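Would you mind keeping the following structure in view while I ask a few things?
The first chain written gets the first letter, and so on, giving A, B, C and D; residue counts start at 1 in each chain.
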Amino acid sequence: MTATHAAPGAGPVEHLGRGPLTTDELAARIARDIAPGSYVNLGIGQPTRIAEHLPPDAGIVLHTENGMLGMGPAADGDAIDPDLTNAGKVPVTELPGAAYFHHADSFAMMRGGHLDVCVLGAFEVSAHGDLANWHTGDPDAIPAVGGAMDLAVGAREVLVMMRLFTRDGAPKLVPVCTCPLTGSGCVSRVYTDYGVFVPGPDGVRVLETYGATVEELRELLAVDLIR
Amino acid sequence: MITTIAATADEAVADVEDGSTVLVGGFGLAGMPFDLIDALIRQGAGELTVVSNNAGNGDAGLAALLKAGRVRKVICSFPRQSDSYVFDGLYRSGRIELEVVPQGTLAERIRAGGAGIGAFYCPVGAGTLLAEGKETREIDGRAHVLEYPVKGDVALIAAHRADTLGNLVYRRTARNFGPVMATAATTVVAQVTDIVAAGEIDPETVVTPGIHVDRLVRAEARRLTVQGAR
Amino acid sequence: MTATHAAPGAGPVEHLGRGPLTTDELAARIARDIAPGSYVNLGIGQPTRIAEHLPPDAGIVLHTENGMLGMGPAADGDAIDPDLTNAGKVPVTELPGAAYFHHADSFAMMRGGHLDVCVLGAFEVSAHGDLANWHTGDPDAIPAVGGAMDLAVGAREVLVMMRLFTRDGAPKLVPVCTCPLTGSGCVSRVYTDYGVFVPGPDGVRVLETYGATVEELRELLAVDLIR
Amino acid sequence: MITTIAATADEAVADVEDGSTVLVGGFGLAGMPFDLIDALIRQGAGELTVVSNNAGNGDAGLAALLKAGRVRKVICSFPRQSDSYVFDGLYRSGRIELEVVPQGTLAERIRAGGAGIGAFYCPVGAGTLLAEGKETREIDGRAHVLEYPVKGDVALIAAHRADTLGNLVYRRTARNFGPVMATAATTVVAQVTDIVAAGEIDPETVVTPGIHVDRLVRAEARRLTVQGAR
């Protein structure tokens, strides 16, 4: 990996001479930004993979909104217990120091601002930090929101983990979301295969890029990228 | 009033009426009261409004109740799942009504129903499709949606163990919606794997006090199938 | 005790040839009206004494608003545990099948209508069932409400246990409360030394009298007494 | 963030600032965090707003904090007790402000503070002195009062046992306000009789998960005096 190291405040680091991040690299990149001792909720799907990259001795405690803190890795074989699943209904395990609680307490915890970080997937994030991740807007889709809106509103820091472009090449970091919103102005950081972004009222600040320069991304995205 | 122990699940749900609102515990399959739902299907009550986190998985439990055509409306947070084909079919053919509620708001509305709260201002969903038509108010600079309680005529829940006074403990994440649903229905029926004498559950560990439970029934032994992701 | 037994609906039973009920008799009288299997909260002070008259095999479960169901009798000697008190902060005991919970859950239980009965003391009850039992209205009094308003609003049946007259002979069952209210129209029955009354929109129905006739009480009270 | 273990109660309350709102657990003496209050008196922060069910008993605990002149305002349900002479004196001489809140509404407002609820409609107190000046609304034919959350800068609570992750269990009716207060303050400090390794408290029995607890301190052994009625 060729990195152009820059002094803090000197603008984004462009990691060139390499391609965009793989999903695994992206999960590892996000894991590096999660402070030791944090209470974290990892959304269903790709964000789940961040758990594999958290240092075991960092004291990071995972929350699952179906009523548990201290969630361990996915369960296999005899460790599978139908009474112990994560929010994606995948069988998981329990770590020492875990706690169980009911749904109202679990979401009170979330909505009350007690989780330090949640990481969610997204269909789109706007330049202002609006999040769309629950409904494609397709009139034939069956609406299903789960805990997405609660997480978007409740966690102290809402991180998004997504590819920067759809399979068709359309940007998912957009001036205004076209899909129905999950939450307004709630996203603190957007981690993508091509770079890490901070949405805000004055535009999108670029923290890092991977396999592309800021200038190259500027040509592909319709949002104002700030160095 | 005092908790009674029903001999069978059929006896426990015998008086559910057509048109009832039924709170059904569980998150996916964990905590799903299969015996009670099967008994409710045999019992025959129809035109039900079901409040549950999901809208059924596969062909068993809540999905079977939907398939039997007994449900007029579902209030839930997440109907669409990999194996929610029964609901999907009913919904797409216009044979079932759906109200989607954010998961935490659903839990809180049920809690409010059980806790005598008239309504509450909730920041979740403000400015989204799910707040359309709802009263909103800015509090401390943040938009809030006014949410009303959800109550049931009946709650059907699954717990782990009960004592003869109806005190309940749950197991792991199968706890989920059981404790709040037990507070929010006129008649609360719990299926449990085990009923012990009063005094055999440590009073510090009771999750649902017996005051909330009207009827207990021992569940049939059943090996739950664990579904995959979603 | 000479009782004039009357058929149901035939008007009040006048227990004459005896004086008014003692506190103990009044407690026993109320205990008789509490259905087996009820969940009951007995207010601080005299209502506490009702517990002594509840049949032990009736399955009546006592709630104390500081977080317990299945409260037993007062604790003595070595049974005293500073961590186990009733709402009056008197040490009590625990019965088999008890449960502990926190204050928000305890009052949710109360406000949510899960208690079958509560019995409260009162300064005044109005003919319409308004309750005044938290504040004398004395401008020098330090206001203190505790759980009185929650109980008045929350229990399915709110019973009042009080003397019918103050020490000065002033009636405590009144057309309109002069003390600040605890709750409006919340009282289902009033149990007093001189009789049992049901307040309501059309006046106060008399169920029983002790040591006085309805006519005698009518002369002493300013409310409409209905037979 | 992660729970830390303070060596002393003094260390645990070292950063409480003048003018803070302090949630103080306990119902009378049960659950009163004596060590933390004593340390707060030594620490010296003043102009405090204290939220607690009572306003002190006798000369110890909260009463001592009041006596030391550190409290500007008390928000409580029941200040007047047989042994609340410290508070009574301050109140009658106009040296302390008092907000009386029905006990369940106090607990629910603190819960709302911790649960991210903007406000709630509560039937308790409607039409009484304690609702004067508050917004009211009729819901389902019943008058309700709009109640706002209570939050603390600091919560001082007493629990029975903790593990090193800050998970707490309580003992009997000493549980009272601890669990809701632990959710509703920026900094939560718990004194406990015992701190065990993570994994030594059964996860099914945890009452306050460690996420809510910032600092733990082992309490000095102390024989509580049991007060009489009221």
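Everything below uses one rule, namely that a residue touches a chain if its C-beta (ideal position, glycine included) is under 8 Å from a C-beta of that chain, and two chains touch if they have at least 3 such contacts.
Quick caveat: nothing in here was measured; it's all calculated off a predicted structure.
Asks: Of all chains present, which has the mean Cα position farthest from that of chain A?
Replies: Greatest centre separation from chain A goes to chain C.
Asks: Consider the two chain pairs A-B and A-D; indicate the one with the greater count of contacting C-beta pairs.
Replies: A-B
Asks: Can you compute the centre-to-centre distance for chain B and chain C, using the mean CA position of each chain? Integer Å is fine.
Replies: Taking the mean C-alpha position of each chain, the two centres sit 36 Å apart.
Asks: Taking each chain's centre as its mean C-alpha position, how far apart are chain A and chain C in Å?
Replies: Distance between chain centres, rounded to whole Å: 56 Å.
Asks: Return the distance between the CA-based centres of chain A and chain B, expressed in whole Å.
Replies: 30
Asks: At least two other chains touched by the same residue of chain B: list those residues.
Replies: Within chain B, residues 108, 111, 115-117, 122-123, 170-172, 204 contact more than one other chain.
Asks: Counting only residues that touch at least 2 other chains, which ones in chain C make the list?
Replies: 68, 94, 100-101, 108, 110-111, 153-154 - these are the residues of chain C that touch more than one other chain.
Asks: Dump the list of chain pairs that touch, please.
Replies: The complete list of chain pairs in contact reads A-B, A-D, B-C, B-D, C-D.
Asks: Along chain D, where are the residues that touch chain C in the complex?
Replies: Contacts found on chain D: 27-31, 53, 77-81, 87-88, 91-92, 98, 100-105, 107-108, 110-111, 122-130, 143, 170-180, 207, 224-230.
Asks: Contact residues on chain A for chain B in the complex?
Replies: These residues of chain A touch chain B: 44, 64-68, 80-85, 88-91, 94, 100-104, 106-108, 110-111, 135, 140-150, 153-154, 180-184.
Asks: Could you please specify the touching residues of chain C with respect to chain B in the complex?
Replies: Its residues touching chain B are 35-39, 59, 61, 63, 68-70, 94, 96-101, 108-116, 153-154.
Asks: Enumerate the contact residues on chain B facing chain C in the complex.
Replies: Interface residues on chain B, with respect to chain C: 1-2, 111, 113-117, 163-165, 167, 183-184, 197-199, 201, 203-204, 206, 209-212.
Asks: Please output the residues of chain B touching chain D within their complex, sorted ascending.
Replies: 108, 112, 115-123, 137, 139-140, 142, 144, 148, 169-172, 202, 204-205
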